Amino acid sequence: MKADITFGQYCEGNSLIHRLDPRMKIVLSILYIVAIFLAKGVTSFALLILSAVLLVGLTGLSPAMILRGMRPLLFIIVFTAVINIFWMTGDVLLVQLGPVKIYLEGIINAILIVVRIVLLIVATSVFLTYTTTPLALTDGLEQLLSPLKKLHVPVHEFSMMMTIALRFIPTLIDETQKIMNAQKARGADFSTGSLLQRAKALIPILIPLFISAFRRADELATAMECRCYTGGEGRTRMNVLRSTAKDWLFLLAILLLGTAIVLLNTYFPLYGLTL
Amino acid sequence: MQKNPIIKAEHLTFSYPGDSESKPVRALDDVSFEIEEGSFTAILGHNGSGKSTLAKLLCMVNYPDSGKLFLCGKDLTDPDVTDEDILAARRDIGMVFQNPDNQIVASIVEEDVAFGCENLGIPSAEIRKRVDQALEQVGMTKHARSSPHNLSGGQKQRIAIAGVIAMKRKCVIFDESTAMLDPLGRQDVMNTAMKLNREDGITVILITHYMSEAALADRIIVMDHGKILRDGTPSEVFSDPEAMWDAGLDVPQTTELLYKMRQAGLDVRLDLFDVNDCAAEIARAIKRARGGK
Amino acid sequence: MAVIELKNITFTYNKNTPSAVCALDHVSLKIDGAADGITGLIGHTGSGKSTLVQMLNGLLKPDEGQVILDGTDIWAEPKKIRDVRFKAGLVMQYPEYQLFAETVREDIAFGPKNMGLTGDELNTRVLEAAKFSGLAPELLDKSPFELSGGQKRRAALAGVMAMQPKILILDEPAAGLDPVGRRDILGGIRQYAGESSTTVIIVSHSMEDMAMYCDKLVVMADAKVLMHRTCAEVFSEYQELISVGLDVPQITRIAAALAENGADIGADIYTVDYAVKQLLKKL
């Protein structure tokens, strides 16, 4: 039985954002993150939230799913919020319980910081993880960084490594399961004993796994060589990335958003974030 | 039509270097043969008979210690051979390996089929055309955007074959490509290989230890101890079951039955691999034997 | 008495998700002791046979139903499931990929050591298992990674045999081997079954091998047991086997074709030698 692995969090779809050039999506997400960090005032955050809602709507993905994706980061979010609430001092004292003082500024700050983290996650999910396959991301990154090849940065090699890793991770996960079962069938015990004993119990899994990974690497190298692979030089691609009008429109929109945020920060902040 | 040898081997010898304790192991010993363009040849031999070593030489993973090897008319054992010559030969000769997993590079089927063409620097639009056509030919069009991880072994091998087709190679070597598959997957791969040969005229070399697969070839080369033991049509090779058994091989059950019936005194031909032909021959012989009494 | 008894086993992978697959659907099966010979388990890929095998040594736990080995329900005390693995030894497909120790001897000893064996007893078991699996004693002190493919397979087999399980289950023990290798390993298993009175179950896709080395066959199709009878009885249901994506030995098909050509030697033909014997009676 094959393990059911959806590597990364890519969600099948054909929305406008799904169809954007992956290179542009990388650029857009970087610009959007910059915009998030530029935002200081309540108004600029409101504008960002509005834009994020719009973006999620454009992907056609369910907002609940994107929120669920934040679960692993919940601890960090709560932790930062708590730190801000209890440690921040300000002018308007709301509650005092012995040595603990909670200020209005602390609460607003906590809210804004949480919003900032959530926005960061939403931005990367919308532009990258949820709407772009890992393979497309790798391709996009390779082509974005291709000017660095002139400086002898091994951009192609790095992207080939990524491609192969993406291809073999599910295979190796399956293999790990098989080897674990084989050793369990010989009475191996992975779940009891001291920490040291458990670490030792992993040896019968790790050694066969490494040997198998090396064997696979060796066979794959031969297969690639037989398929005339000689490195990045002179290679063409079947799927050439093309930027179209919609990619540039998105770029323009994000740049406008950034400008609006700077203006709002300067002229109409309502309340400014202090951090 | 004049057929040229696509592969010509003259007195090939190859040894694996032994470690400090053991002597080098001679895997190929004075092997000579020619493979005609457009032919379907099976290479049989038990494990360690040298058949996989031969495959490694043919795809230039290893180089012979001595002897000459011509691929597509070019002498690759010539000391002056250039990297371009080797690449040119590689362009024409493809391999489908034993482990279906370890030859797939990309995590999307069509990207993997395109891999070889991309390496050759073919223009994008042309690659697209070739990939679509190759996938169609092996019947995998509907899996074009799937992840290879979710395919069966037989399907993965068909992807590898599509990669070969897309590169428009003249010759494919199947190096025990069916060994890890279930019967349906094996059937799949064999049908595709036969089609490749019969319809597209691609030279097929099938390295296997399934006798039933070898029986489908035009010619069988039997390897034993690094040498060529037999070389002929399936009828010729299987007509001597004792020699095959001595070489650690087998014969199809049709041949085994015919052979044993002949030993029991029945006058039957040995060179029938089809179940119905074999049954008809035995039934006829029994009728004759009874009539003679 | 039945050594293995499966009562109404049901098992579903990825339960309660959209990708749920029912691998075993109310399967009941009784397999007798070693005296009744080797049982072969056949079925096309995805028929549920690998799942069934993993039920027998407790690698998978049934959603419903009971697995009874030697009269006891293996899931009666879930904490003792490890002991079940010593009773029902499983040799997985391509077992040579599980070898890990520094020497072959240590690798074979891994199972018995997990059982708590030490000293002479451990030593004897390793030597006996090596002998049964056809591994030369001088190989025991080599690294398992120096062995040839066939020898690695034997070493892995010995690793399970050394636990002296009452039931030995082998998943495609001859996969990827050449004709002689197949004959040696399957012949060796048959001899082992006879001498050690172990109940042996072999899973394989090769009908020719099953016909040669098994006495009874369990046919799985679509998560159910379709047949459980002797080889002769199973292979005479030629059409039914084909309809569930299985094959019969070539010789069985020849026998069917002979019948059409007016030389009927019965439908229960599954080895060449038996066919020859029956044909000679016709003369």
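Labels A, B and C are assigned to the chains in the order they are written; within every chain, residues are numbered from 1.
One rule holds in what follows: contacts are C-beta pairs under 8 Å (C-beta built on N, C-alpha and C of every residue); 3 or more make two chains touch, one makes a residue touch a chain.
Because the structure is predicted, anything quoted here is derived from the model rather than measured.
Visitor: Graph shape for the chains shown, where an edge means the two chains touch. Line, ring, star, complete, or other?
Guide: Contact map by chain: complete.
Visitor: State the pair with the higher C-beta contact count; candidates are B-C and A-C.
Guide: Counting C-beta pairs in contact for B-C and A-C gives the edge to B-C.
Visitor: Counting in whole Å, what is the centre-to-centre distance of subunit A and subunit B, each centre being its mean C-alpha position?
Guide: Each chain's C-alpha centroid was found; their separation is 45 Å.
Visitor: What is the distance, in whole Å, between the centres of subunit B and subunit C, each centre taken as the mean of its C-alpha atoms?
Guide: 30
Visitor: Between subunit A and subunit C, what is the separation of their C-alpha centroids in Å?
Guide: 46
Visitor: For subunit C, write out the residues touching at least two other chains, lowest number first.
Guide: Not one residue of subunit C touches more than one other chain, so the list is empty.
Visitor: What residues of subunit B sit close enough to touch subunit C in their complex?
Guide: Against subunit C, subunit B makes touches at 45-48, 98, 152, 176, 179-180, 182-185, 209, 211-212, 248-250, 252-254, 256-257, 260-261, 264, 266, 275-276, 278-280, 282-284, 286-287, 289-290.
Visitor: Can you list the subunit A residues touching subunit C in their complex?
Guide: 1, 4, 178-179, 181-189, 203-204, 207-208, 211-212
Visitor: Which residues, counting only subunit C, touch subunit B once they are in their complex?
Guide: 44-45, 148-150, 175-181, 205, 208, 245-247, 249-251, 253-254, 257-258, 260-263, 272-273, 275-276, 279-280, 282-283
Visitor: Given the complex with subunit B, which residues does subunit A contribute to the contact?
Guide: The touching residues are 2, 5, 7, 133-135, 163-164, 166-167, 170-171, 215-216, 219-220, 222-230, 234-240.
Visitor: Would you tell me which residues of subunit C are touching subunit A in their complex?
Guide: 13-14, 17, 19, 21, 23, 50-51, 54, 57, 59, 82, 85-86, 89-92, 95, 97-101, 110-111, 114-115, 145, 159-160, 163
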